[in-house]
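Next up: the structures, one after another.
Here come two complexes built around chain A, the first alongside chain B, the second alongside chain C.
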Partner chain A sequence: MARKKLRTKDQHIIRLASMVDGLGSILYEKADLLSYDCDGFTIHTALPKAVVFPENTEEVANIVKYCHEQGLPFLARGAGTGLSGGAIPLNQEVIISMVKMKKLLSVDLENRRAVVEPGFVNLKLTNSISDKGYYYAPDPSSQYCCTIGGNVAENAGGAHCLKYGVTTNHILGLEVVLPNGEIVEIGSNGVPDEPGYDLLGLLTGSEGTLGIVTKITVRILKNPEDKQTVLAYFDKIEDGSQAVSDIVSAGIVPAALEMMDKTAIEGVEAAAFPVGHPKDIEALLLIEVDGIAAGIGEQIEQILDVCRSRNVREVRAAKDEQERAAWWANRKTGFGAMGAISPDYLVQDGVIPRSKLPEVLQKIKKISDDSGLRIANIFHAGDGNLHPLVLFDARIPGETDKAMEAGSACLKVCADVGGTITGEHGVGIEKREEMRFVFKDEEIMAQTDIREVFNPDNLLNAGKLFPTPGRCAEVKKEMKEAAIS
Partner chain B sequence: MITANLEKLQILLKADQIKDTAETAHPYGNSGAMTVFPNNENEIVAILKFATENSFTVNIMGAGTKRGYGGMNERADILLSLEKYTGIVEHHPGDMTITVKAGTPFQEIQDHLKAYSQRIALDPFLPEQTTIGGLVSSNDSGPKRLGYGAARDAVIGLRMIYPDGTIIRSGGKVVKNVAGYDMNKLFIGSMGTIGVISEVTIKLRPITKAESTMIISFPISDMGSIKNLSVRVLDSTIEPVCFELINPELMERMTGEKSYSLVMSFEDVEKSVSYQEEFIQGLMKDGIKLRRLKGEESVQFWQSFYHLLPNGNKVDSQFRSETVLKIGTINMNILSILKDCELIQDTNNVTIQAHGGLGHGIMNMYINGVANDVRDAIEKVRNIAQKHQGYAIIRHLPFEQRKQTDIWGPKPAAFFLFEGIKLKVDPNRILNRNRYIGGI
Partner chain C sequence: MARKKLRTKDQHIIRLASMVDGLGSILYEKADLLSYDCDGFTIHTALPKAVVFPENTEEVANIVKYCHEQGLPFLARGAGTGLSGGAIPLNQEVIISMVKMKKLLSVDLENRRAVVEPGFVNLKLTNSISDKGYYYAPDPSSQYCCTIGGNVAENAGGAHCLKYGVTTNHILGLEVVLPNGEIVEIGSNGVPDEPGYDLLGLLTGSEGTLGIVTKITVRILKNPEDKQTVLAYFDKIEDGSQAVSDIVSAGIVPAALEMMDKTAIEGVEAAAFPVGHPKDIEALLLIEVDGIAAGIGEQIEQILDVCRSRNVREVRAAKDEQERAAWWANRKTGFGAMGAISPDYLVQDGVIPRSKLPEVLQKIKKISDDSGLRIANIFHAGDGNLHPLVLFDARIPGETDKAMEAGSACLKVCADVGGTITGEHGVGIEKREEMRFVFKDEEIMAQTDIREVFNPDNLLNAGKLFPTPGRCAEVKKEMKEAAIS
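Entry: the complex of A and B
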């Protein structure tokens, strides 16, 4: 195959190209870079300097070492499905794309673990082991295309993390390239509780600001013997949310407990996977119970009783796997479905104490009324993770800003009732300022202090996760440094 | 030196909150020339500021059950005891979360939660004595870790006090949270070296309607058949919350019967528990024995299990000087480790009692014998653990013996990051100095 020549005199590009597999593994021309100017958070865009596609850990380490030595900003990117802008090159970064590192390296069923490269797609892992009766638990809605490396960076959740936990609960070991190019193994051999600080836990969810993960040992689980799903329609949202509390109070730990409000239902019914939900109900609950078959019937009966005692309009269990799958497809494509009823939408990701749901929904309705923008709510009700979807039209001048303000106001409501600003999508660039809703300056500084240990030059994914330093924090930091020196 | 500053300390605390402990040596070390007993968070902050200003070192203690767990200094200037800093700050039954002060004994919290049919899904050793702060600081877990997870999976928020008195909250009060770095994870298991835990927020689980414990014993020590049966159970769809292999010596101590045994627990609704019991019943064949522990029998078994671990604060007649190791390995390698350790009992003239979770890979090993023999045995066990991709650390040993023993084994590759973190948070290294791996 005839190799094209590099059409640039930029020495950095020439050097970077030499570290990967030639021209097919680097992009540097504007037309090519345009697809990398944002991720799933499309409101903010910026062009990278280049995109490189390493194929192994050594190549990643070499690229990082070079960037570190040359003072070039850089960041890692998976499938680019992140919803908070974590992979957007704010500082003209060299993007290190992990998509060529997509191998499933090993599966060890006896010890319930698998080792994957970071570019391996989440759902492919479950698909590779499902014939043996195993699966990988974290199931973000984008699991058919998002990568496990990205899941680690964001500590991704999913509908079924109510019972089984989020990504951090399933990571046993990581190979990491630190921002100076050094390769370290954390959680050697995937053995739990390695002595020393829990860097596995710290790195998971650090949004690509502490290191670049190049190999991941994950825990896999045995498929539950059986699962059953219940669908319930409520005329009043209060009844729906009371039913959620009652189910949990009854001592049931559902595998998933999802809620959608009227606007969200309108969206999913107008999109690709309609199931015929009535359009005049205020809330829908999707409840899944899994485990030993012998014990499930009883729990399903209990759930049906709870719903009936809370004035449910209609409630029933899925009659077969096909119906169950249809309900889930309808729910899992919920965000995208908003495209069917609105030109643009903004997804938010607050978390609230479950009991505050009626109060929070009322306040979100007020935000919607005040801003004149419709807000749909998709809710992982079991663990209090609320996704308000602000519907807007970017073609109307000023409406994008208005949508962002409304989104931020929703997060303020969540924070004010004792919740937090993000449950699974991460802070990225989108919620940097909202970090102040939940953390004081000292607490943010405690976190940037940790970043300095890993990423002292802040060349790796700078400008993410933390608000621009407030005056107060800067002064305090100066004082602290003066005291130390 | 500290006594000269006693007056300053007396301004901060009442007389009965300060105890001169300069003369009393504790066999497990990790003590202080002066012991202080704060009642509230402000007092903890004041004590830490006082220590920082005067460059005093501070050891932190809950109930002291883990005094034998790490620590190369006999005493610090100040022993900060949290035993009087107890109580529930808030419990939201509807949200299934609870916030407690660090010095609260674990069982006290469970007793409170029982009235709400809720619990913390953790099963630490010495539950009546161990404090929630101590449990979290050591990321302790019991055999039910397979079904429950460890402290790192249950804790959702912490209020930490840094050495300079700054209060740092990490996580929050909701069960799902990715705002900022997961600083909880950094503090959990940090052995008190990067801050004092003030409050812990934990997610709760419902108490299950039914539970049952079954023991399969193998009178013939055949690792092959133990493994076959274990793989069959773990590869099935039944869901034991505990799947612990106990070696013959430990089983003899607990029940009088000396044979390798698998202990399984099931917790679910009644029908599911019976179904799983029947499944196990169906696996039985000649040469193995099955016992189902019912009611009081089951309670007593677990009672004695959770008290296998010696209490590091006990120095009375119950003083036990045995060595306890924590071993982490790849799940099924526990079988090989136990097998390899059989030999050490003979070559070193020690007894080794051990159990390990075949579903999670964590083992505890109790070694008894003459000090020199034990020391040599520890090294051998560590080598065996490493041969099986694992590690061995010492989680209980008197101070004099600790001084002559490598507690934590080799430093991992990421050690320089631990050091960097320690120095960022505690630049003067006043908190639990030398308590943790590599002297951090």
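Entry: the complex of A and C
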């Protein structure tokens, strides 16, 4: 029993410890809490009050009820791989870690669905069903360690979401502990159009601000009969961008259509999985098609033709599965690879209409030139989801701020061409203020009003997703006063 | 000017008339209002206070502001083809008809999207872009006359939604007039994971209870390179059901996978588009595959093999486009065709896990036997979306009630096997009470709380989508009192 060993007189810790079981089910000493002071967004840190590790829904509900009654701020955390700071305890929260709730509860191949606990790791689902010919589609680059609960909170994407959609397109049902401790079931487990309001869509991607997911029914897909990957090198980034547009215009829907620029290639080639990409090209495309075997060859030919018509330096299909896997390992570890060429980096996550790609890449280059910071681009070109990686050195005074400004400027460019500020990483604490690039005060208020329905005391993950009150709160106050007077 | 000809002293009518322009922009006399006393759900009727026909967003906003200030109930109406009564003016509403807002505002082929006004007819969109090789995917059977605004309200489906998803999967952005007259933009026009809460998903399918849509950005798709349709006749309905499961299990995702039973076949063969289906079979499957031409043949062969392995009486692919079109016309007018074999019919719309198909069809047959009413089944078998059509004669006293009871019993069967009460027709007034089959009081309250955020006075389309207060209101009152005390 954890509580036998407690070395604290804090009554909250003692009570919380009594709700979970076993050694290691609660952390409360500073040395232990330090591991939980941030997630994948490392620029901002804050210590939680405690970290508890429930093992089932009832334990989660009891912890939440207690926090609710006592007015203790709390939040849920998965693997902590989030890139926008959604799991950072800004208000000394009690962190409810979901890592012990990691069971695969059931697989129903006939109806194409599986039920998992939130701490179940993304890639494990595909690994558990691949021998039967099935897989789970959303594939964030962190899929080997991120949890499906975290994926639901952030509505995670991935390279293959161009064809298959992001997490919200694969979630069929949720069990959720509401901020008052009540347990509800949401979704109709696979019905195309659920009756009533789309609460399933509302909860998915709400970044842990409306409830804590304790059980998830996901859609699983049959493996495509065949897949093939093409790699193309371009001397000019404009040619690469144009090839992206041409491929999609030709009516091909690739499973993935990824792009890397020169700086990104320098990074991945200096890191753990180099594959020999030339360092003097301006753009690389990685294009995967999948489906019925008989249709693949024709699509590959079309893709090769498009690339050739756009002055490609070299283009070819992977010669075998081993080469294909090497190309993907090189791409999927791309963010981390920046560590090989820069002490620090900041990942951004903007989205633009595909047709604006050349214009936006030019503007990002200008931001890089103006700031004096290198910016690498690795991204999901097919759906216009850019990931500018701002390279900087946090040891140089002022450079972190400069990097954040450059990152924000990139998002402004995306918003200004009719795009938006996040494609798959979420808003968290990182992009709260940038929400104003895309939402009017009234639109933000409509959202905070919805948060109030679920989370009236704002004890659950406060300070995330929305701009700090300021102007918004004023408008609301004025409106309330006007209504009263 | 309409107001010159007004023959009323009702100040509300006079004011409303001043907000719209031209002859025929307002109706207020009983003879005119009679056409608006119901929609496609004809069992319940009620007269509106007036019908106004705005021509742009500002006029809609002015009308809504006026209703809001004056406490006048109001609702929006498209083509009036809804099947669950969502546009019926239960509270003597001012109906805001969207039929004059019917422009195709823009088409952006490069980024695959189009912007339409809400009164734009569904099929016209495909017709407007088909010469360039594009189409709009959601295809409700009423697509030749229903409006895209109505499709958004109901999250409409259609035969081809098995592969391509329902309306919510094709809506990229909305302009909405909120119930207080404020105009907001929702959605990020094609971003996979919009920042903030998914208001676009929330509004889509909210059955006209959260706001009035005045502009819609939709996704458009490239025409598939090829398509082919297979027709299969089965002597036993179990064999047909099993073939459905087998096709999906084989990893084929047909564009459409439709089923009709014996009674349904009797109807369609007696109506406007007979194609010579045998009347002694128990089940017919209509299966369409589309995609890259090279892949189609292989899938058709697989489908033919599956059907043969399940004792099909006859199975073959359409010999040409003309035959394919005839099969689809026969299927798509199936509901109306029931008029040829029954004075009245009630369409139901339940959803079940695909694996429960044989069990549920058995239970529906028992409901038919017990009630003495014939029930025809025409449905989207591939995604488990059933449409039991209860045949009755409203002239026989008590038979309408008996039909409604039988319909409700069918939905109960669906809910009990883990399905739900509507797949694409919405809840409206028809299935308000059946919401209790799938939602607990707390879950319904979470939804009515959301309605309150947008629609606090409940002037917009009140009395739809949720059960009549009763138990729910009591629970809420108890909870509020508990919170105060």
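Annotations for the structure displayed:
Just so we're on the same page, the second predicted complex is superposed on the first by the 461 of 485 C-alpha atoms of A that agree within 3 Å, B and C clash if a C-alpha of one lies under 4 Å from a C-alpha of the other, contacts with A are read in each partner's own complex, and residues count from 1 in each chain.
Assume a residue touches a chain if its C-beta (ideal position, glycine included) is under 8 Å from a C-beta of that chain, and two chains touch if they have at least 3 such contacts.
What you see is a predicted model, and the numbers here were worked out from it, not measured in a lab.
Contacts of A:I292 after superposition on the shared chain: both chain B and chain C are touched. With both structures placed on the common chain, the touch criterion links A:I43 to neither chain B nor chain C. Contact with both chain B and chain C is seen for A:Q447 once the two complexes are overlaid on the shared chain.
Using the contact criterion defined above for the overlaid structures, shared-chain residue A:A340 touches neither chain B nor chain C, since it reaches no partner. By the document's definition of touching, neither partner reaches A:L6: not chain B, not chain C. In the three-chain superposition model, chain A touches both chain B and chain C at residues 108-112, 133, 155, 157, 161, 165-166, 168-169, 184-186, 188-199, 201-202, 204-206, 210, 222-225, 245, 248-249, 251, 291-295, 297-299, 351, 353-355, 383-385, 418-424, 426-427, 431, 435, 438-440, 442-444, 446-447, 449-454, 465-466.
Those residues of chain B lying in contact with chain A across their complex are 92-97, 117, 139, 141, 149-150, 152-153, 162, 166-170, 172-186, 188-190, 194, 205-209, 231, 234-239, 268-276, 326, 328-332, 359-362, 389-391, 393, 408-409, 411-415, 417-418, 420-421, 424-425, 427, 436-438.
Residues of chain C that touch chain A in their complex: 108-112, 133, 155, 157, 161, 165-169, 178, 182, 184-186, 188-199, 201-202, 204-206, 210, 222-225, 245, 248-249, 251, 291-295, 297-299, 351, 353-355, 383-385, 418-424, 426-427, 431, 435, 438-440, 442-444, 446-447, 449-454, 465-466. The part of chain A that touches chain B in the complex is made up of residues 108-113, 133, 154-155, 157, 161, 165-166, 168-169, 184-186, 188-202, 204-206, 210, 222-225, 245, 248-253, 291-295, 297-299, 351-355, 380, 383-385, 418-427, 431, 435, 438-440, 442-444, 446-447, 449-454, 465-466, 484.
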